[in-house]
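Some structures to go through are shown next.
What follows is chain A paired twice: with chain B in the first complex and chain C in the second.
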Partner chain A sequence: MAKMDLEPMMKPKSVAIIGASRDPDKVGHVILQNYVNAGYQGKIFVVNKNADSIMGFKSYASILDIKEKVDLAVIAIPAPFVPEALEECGKAKARTALVISGGFAEVGNKELQEQLVAVAKKYGIPTMGPNCLGIMDPRSRSDTLFLPTYKLARPQIGGVSFVSQSGAVGSAILDMISAEGFGLSKFISYGNAAHIDEVDILEYLMGDDSTKVIVMYLEGIKRGREFFRIAKDAGKKKPIIVLKAGRTNAGMQAAHSHTASLAGSYETNIAAFLQSGFTVADDLNDLLYYAKVFESEPEPKGNRIAVITNGGGIGVITTDEIAASGNLKMAEFSKQTVDALKKTMPVLVNARNPLDLAGDADGKRYEDAISAVMQDPNVDMMVVVTLFQTPGADSSVASKLIHYKERSDKPMIGIAMGSEYTQIHKLMMESSGFPVYDSPAAAVKSLSALLKYKEYKQSH
Partner chain B sequence: MAKMDLEPMMKPKSVAIIGASRDPDKVGHVILQNYVNAGYQGKIFVVNKNADSIMGFKSYASILDIKEKVDLAVIAIPAPFVPEALEECGKAKARTALVISGGFAEVGNKELQEQLVAVAKKYGIPTMGPNCLGIMDPRSRSDTLFLPTYKLARPQIGGVSFVSQSGAVGSAILDMISAEGFGLSKFISYGNAAHIDEVDILEYLMGDDSTKVIVMYLEGIKRGREFFRIAKDAGKKKPIIVLKAGRTNAGMQAAHSHTASLAGSYETNIAAFLQSGFTVADDLNDLLYYAKVFESEPEPKGNRIAVITNGGGIGVITTDEIAASGNLKMAEFSKQTVDALKKTMPVLVNARNPLDLAGDADGKRYEDAISAVMQDPNVDMMVVVTLFQTPGADSSVASKLIHYKERSDKPMIGIAMGSEYTQIHKLMMESSGFPVYDSPAAAVKSLSALLKYKEYKQSH
Partner chain C sequence: MQLMDYVEASSMLDKYGIRSIESRYVSSAEQAVKFAGSSPIVMKVLSGKALHKSRSGLVKLDLRGKEEIGRAFAELEKKAKSLSPYKIIAQKMAGKGIEVIIGGKTDEQFGKTILLGLGGIYVEVFKDFSLRICPIRQIDAKEMISQLKSGDVITYNGKNAKMLEELLMKVSKLLSANDRIAELDLNPVILREDGYDVVDIRILK
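Showing the complex of A and B:
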């Protein structure tokens, strides 16, 4: 299949919303509303033959009535009418189309879906969906997601592109991302993959400069061979994180019933992912953990980790996780570091790794510790634990961490666990590019993945 | 060793704070302040020879000057002065003592610690610590934690007692618990375990009626044989969840340096835990996941799970987790359930497990689904996924779930993932006794643990 041009779909300069509606309960209404709310800078065209104007926009009876070629036609009308609407998009030379509507192969209407694909092919119009949420691009502020922002918060601009076949998984993760400190390049929910599929999307994202990290939730892979041919090149170029559903027979059956996709052998897929340098996630939360570390952190030079903590127990657990990780190990501080620490630390603090700064550690103590440890040639990466429950830990500590993080060319991530006071500081750190994890296990598995990816690139 | 009477320590009717202070930076100040803020109903005595009164309380020069026997003497003064203060507690016939102060075995001052233990034994005064946060009991409102509530939120009253050798791990988990819907019976941070150790605490909690579930974070076990003798009985009586630090050599060394405890062989300990019916956690978050399900859920009758979801993809992932769990499986709906669902569900919804209610499911559809499935004799437990990002999911859905949860004698837990809108509803459900998890993996591993524990009890 020839490479599709998805640029007009991903960063559209003009959008036609077919099925835009005045009724706030209609999908077409929410989509139009979101374009307006997001401050979309391109041109918006509204298509609905039963109205003269909707929300102040002139309403066209058909896309054929619009005098210019639109970049993206978003179709949100009942399934039986979709092929005809796409036909009109083809005639109107719309550059791309996105079918939000469900009611196709996922409910047994294979014929209707084939009809849709036939139209897409006839006009050579790259068509996403049906049965999908569509696309959100925070840069161009194009947002076809029919979920209101009070329910599904939109993330900030960043380097992570997230691809999900499932709209539900996609929306939940997108909402979770919005609460994290890292940002989004593109969100793509592609549904039944009748025309545009994961191969086309992966190919596009590989060439997309604003995408630094690709995260995929996959139920099935339709064109496995092509997918992995492209993936192999992609793995060297950008980190790709994947969660594959259907790893059990029961899950495979459920996936088939969900998006009419054949999941293929899980083991075969995973083996191919790993061979292509993908980072394989075991659970939804892993997708976020890995995305965060890959977006913000530089390549590690080696596998030796320093742990700095104001809570001894968390230092112990983090040490356990590092020793059990398989590819990481605890750094041994150089003599210079030990000497520096002995000079600056109180007597209670032992100058060894994990470095337990004690429960009364304040900004100054963290500063003295980090400035010494980050220069140590025996240290490749740093994990900084901050229990904000302790008396000395406050915004001054967070500020110091951010200060040194900006000056570090080594991966440096945080661990902080707790409720409000902690969450405020976590957000403060993450917004400044300091990824913070909510458990030692999450932090360490993320650094482990970062190192694995670097080793893959070196050996391929 | 004879069984210690810890009741006056855990639910003190009177407290003497030795080292109470006017200086807000002093530990003794924060402790006194917390007792006042918590609305402690017992008597508070302040001991500080350098003051006449502190925060409106008459200040005694020594505990010996107090005319009545106090239930609990909290000692927060510099380490060198602690043995003498404990000596006075002994003479004053204080029923129990708790040494907050650090500066003992954990920093090499073994002699000072031995001195302390000698005094405790001489007077037969059960002494907790040193180097600990102490105890919080939300029922009696006794709270020796020297961490202010704006940094460390205090959980609501409930059935989970949490025991941590490490103050840092303890405070972080306590703060995390406060953001969850389940409540606390006791929080116990026992530090160096010089006199009172994990055996005494476990023994106490076994007999404590308000403790339904015991959660322990352990670095070392001092009296292994006695611990497991007691644990064996305990495992049959109450669920005990344990996280053991030091599972690697590096972690073991770090643990030793932290609380001067010898961790013992991890494998040996874990084998003994499992034999005693403990639920073993792999990570900090697991402690919360398991505590939640054990606190609120009834015993499952069997291993067949029904999954109800408004997001097909999460249904697939949950199915994968169930099939991979080792002891759970997907239920097959009875003919009666299938018929009932066919009557009430829209055509798009397939009457099979996982039951995908589709993205537009509202309160009515959840109600129809749950009321049919919960009566199915083929269903032993239920997982209800609610993606609050979708158009139909709102407080009405949450209310329906709470309604049926109250009427269910089968375990029923939720999965919801997302930011603010989701968190509000999660809290609403959890406050009503409906545990909600943030990932399929967390939910399924919790039900798996619940079933394992039930099977342990049946076979012992």
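Showing the complex of A and C:
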């Protein structure tokens, strides 16, 4: 199949919303409202034959009446009318289409879906959906998600593109991402994958310069061989993190009835991912953990980790995780580092890895420790534990960490667990590009994945 | 799907440089004795009606000398009567070593796949196997081995690892080149210090 150009969908200069409505309960209303609220800079056209104007926009009876070029046609009308509307999009030479409406193969209405695909193919109009949330690009401010912004926060601009067949998983993850400090490049929820499918999306994102990391939630892969062919190239170009639903037979059956897609055997899918250098997630949380580390961290030079902590116990747990990771190990500090630490640290601090700065460690002590350790040639990556419950740990610790993070060419991530006071500092650090994890296990598995991917790229 | 004739399957492997253990069909005890020469042999009943040969007592191991071979042949022939059509195959005894299973199948989505696991009950009980999509390269073969929990058992010496990597690549090549193979089982393959023996072959086409 020819490569589908999704650029006009992600960065449309003009959008036609077919099924825009005055009724706030209608999906078409929310979509129009969101385009307005997001400050979308392109042209908005409203198509609804039962109205003269909606929210101040002139309403056209058909997309054919719009005399200007439409880059993206968003279709949110009852399913039986969708093929005809798409036909009109084709005649109007709209460059891409996105069908929000449900009521197709996912409810057994395969015939209607086939009709839709036939129209898309006839006019060569890349069509996403049906039965999907659609796309969001915070750079172009194109946003077809029919969920009000007060319900679903939109993440900041960044390098992670998130792809989900399922709208529910997609929107939950999107909301979770906005609570993390990393930003989004594209959000794509492609529903029934009737025309545009995961292969087209992967191919597009592989070539998209603003996408640094690709995160995928997949239920089924329709074109296995093509997917594998693209995946092998994509995996070498950028980190790809994937969660595949249907690990068990029960899960697989649920997937069948859910998106009417053919879930291939889980193991074979995983084989294709591993062979392509993808990072395989076991859980939704993993997707965020891995996305975070790949978005912000440079490639590690090696596998030796330094752990700096203000809590001895967490240092030990982190050390355990590192030892059990399979590919990471604890660094041994150079003599120079040990000498520097001996000069700056109080007597009760042992100059060894894990470096326990003790419960009264303040910004100054963290600064002295990090500035020595980050220069150590025996250290490839750093994990900095900050328990903000301790007397010395406050905002000055967070700002020192941010300061040194910006100057480090080695991966450096944090661990902090706790409630509000911790969360404030976590957000402060993360929005400055310092990923913070809520457990040693999550932090260490993320660094382990980072190293594994680097090794994959070297050996393949 | 239909089971490929053993000797045909064996010569197919041969074309890809995969050596299976020396075998031939025998229709009498005399033929078996002659085939054995001075080495110990194994005799098996092959029939589409018997999938689990060893569980049904259709395999006789480590047979030496005219008398033992003759007795075993008679016994197998008797048991096999109800499994007609059948054939009796004689094979040279494999050396001792680590048993692995190498498999292949055609996946609806991705096409040919290749599987590796530690032999015997381990693959099934511990689900300890690795899978790749064909064709595989050396690095993929290497990762197939290291991905296994039992990887260290299989490659207790470095020579074994190299040999197995090459074998996996050959099997992958065979799978990729032969569309008509639906499933393949080389089980067990015995890895020795100085080589390997493919002891049993099942190819479904």
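Just so we're on the same page, the second predicted complex is superposed on the first by the 460 of 460 C-alpha atoms of A that agree within 3 Å, B and C clash if a C-alpha of one lies under 4 Å from a C-alpha of the other, contacts with A are read in each partner's own complex, and residues count from 1 in each chain.
Here is the rule we use: contacts are C-beta pairs under 8 Å (C-beta built on N, C-alpha and C of every residue); 3 or more make two chains touch, one makes a residue touch a chain.
It should be emphasised that the depicted structure is a prediction, and the values quoted were computed from it without experimental measurement.
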Report task. Go through the superposed model and pick first if A:Glu84 touches only chain B, second if only chain C, both, or neither. Result -> neither
Query - Which of chain B and chain C A:Glu267 touches, first, second, both or neither - result: second
Requested in this report: Using the superposition on chain A described above, determine whether A:Glu406 touches chain B (first), chain C (second), both, or neither.
Outcome: neither
Report task. Classify the contacts of A:Asp175 with the two partner chains as first (chain B alone), second (chain C alone), both, or neither. Result -> first
Query raised in the report: Regarding the shared-chain residue A:Phe146, is it in contact with chain B (first), chain C (second), both, or neither?
Result: first
Query raised in the report: Is it chain B or chain C that touches the larger share of residues in chain A?
Result: B
Requested in this report: Please name which positions on chain B make contact with chain A in the complex.
Outcome: 25, 27, 30, 102-103, 107, 146-148, 150-153, 164-176, 178-179, 217, 219, 243, 245-251, 253-255, 257-259, 282-285, 309-317, 319-320, 322-324, 329-330, 347-348, 350, 352, 354, 356, 359, 387-391, 393, 417-422, 438-441
Query raised in the report: So in the complex, which bits of chain A are touching chain C?
Result: 221-225, 228, 262, 264-265, 267-272, 274-275, 459-460
Report summary line: As the complex stands, chain C meets chain A at residues 107-111, 113, 130-133, 136, 139-140, 143, 147
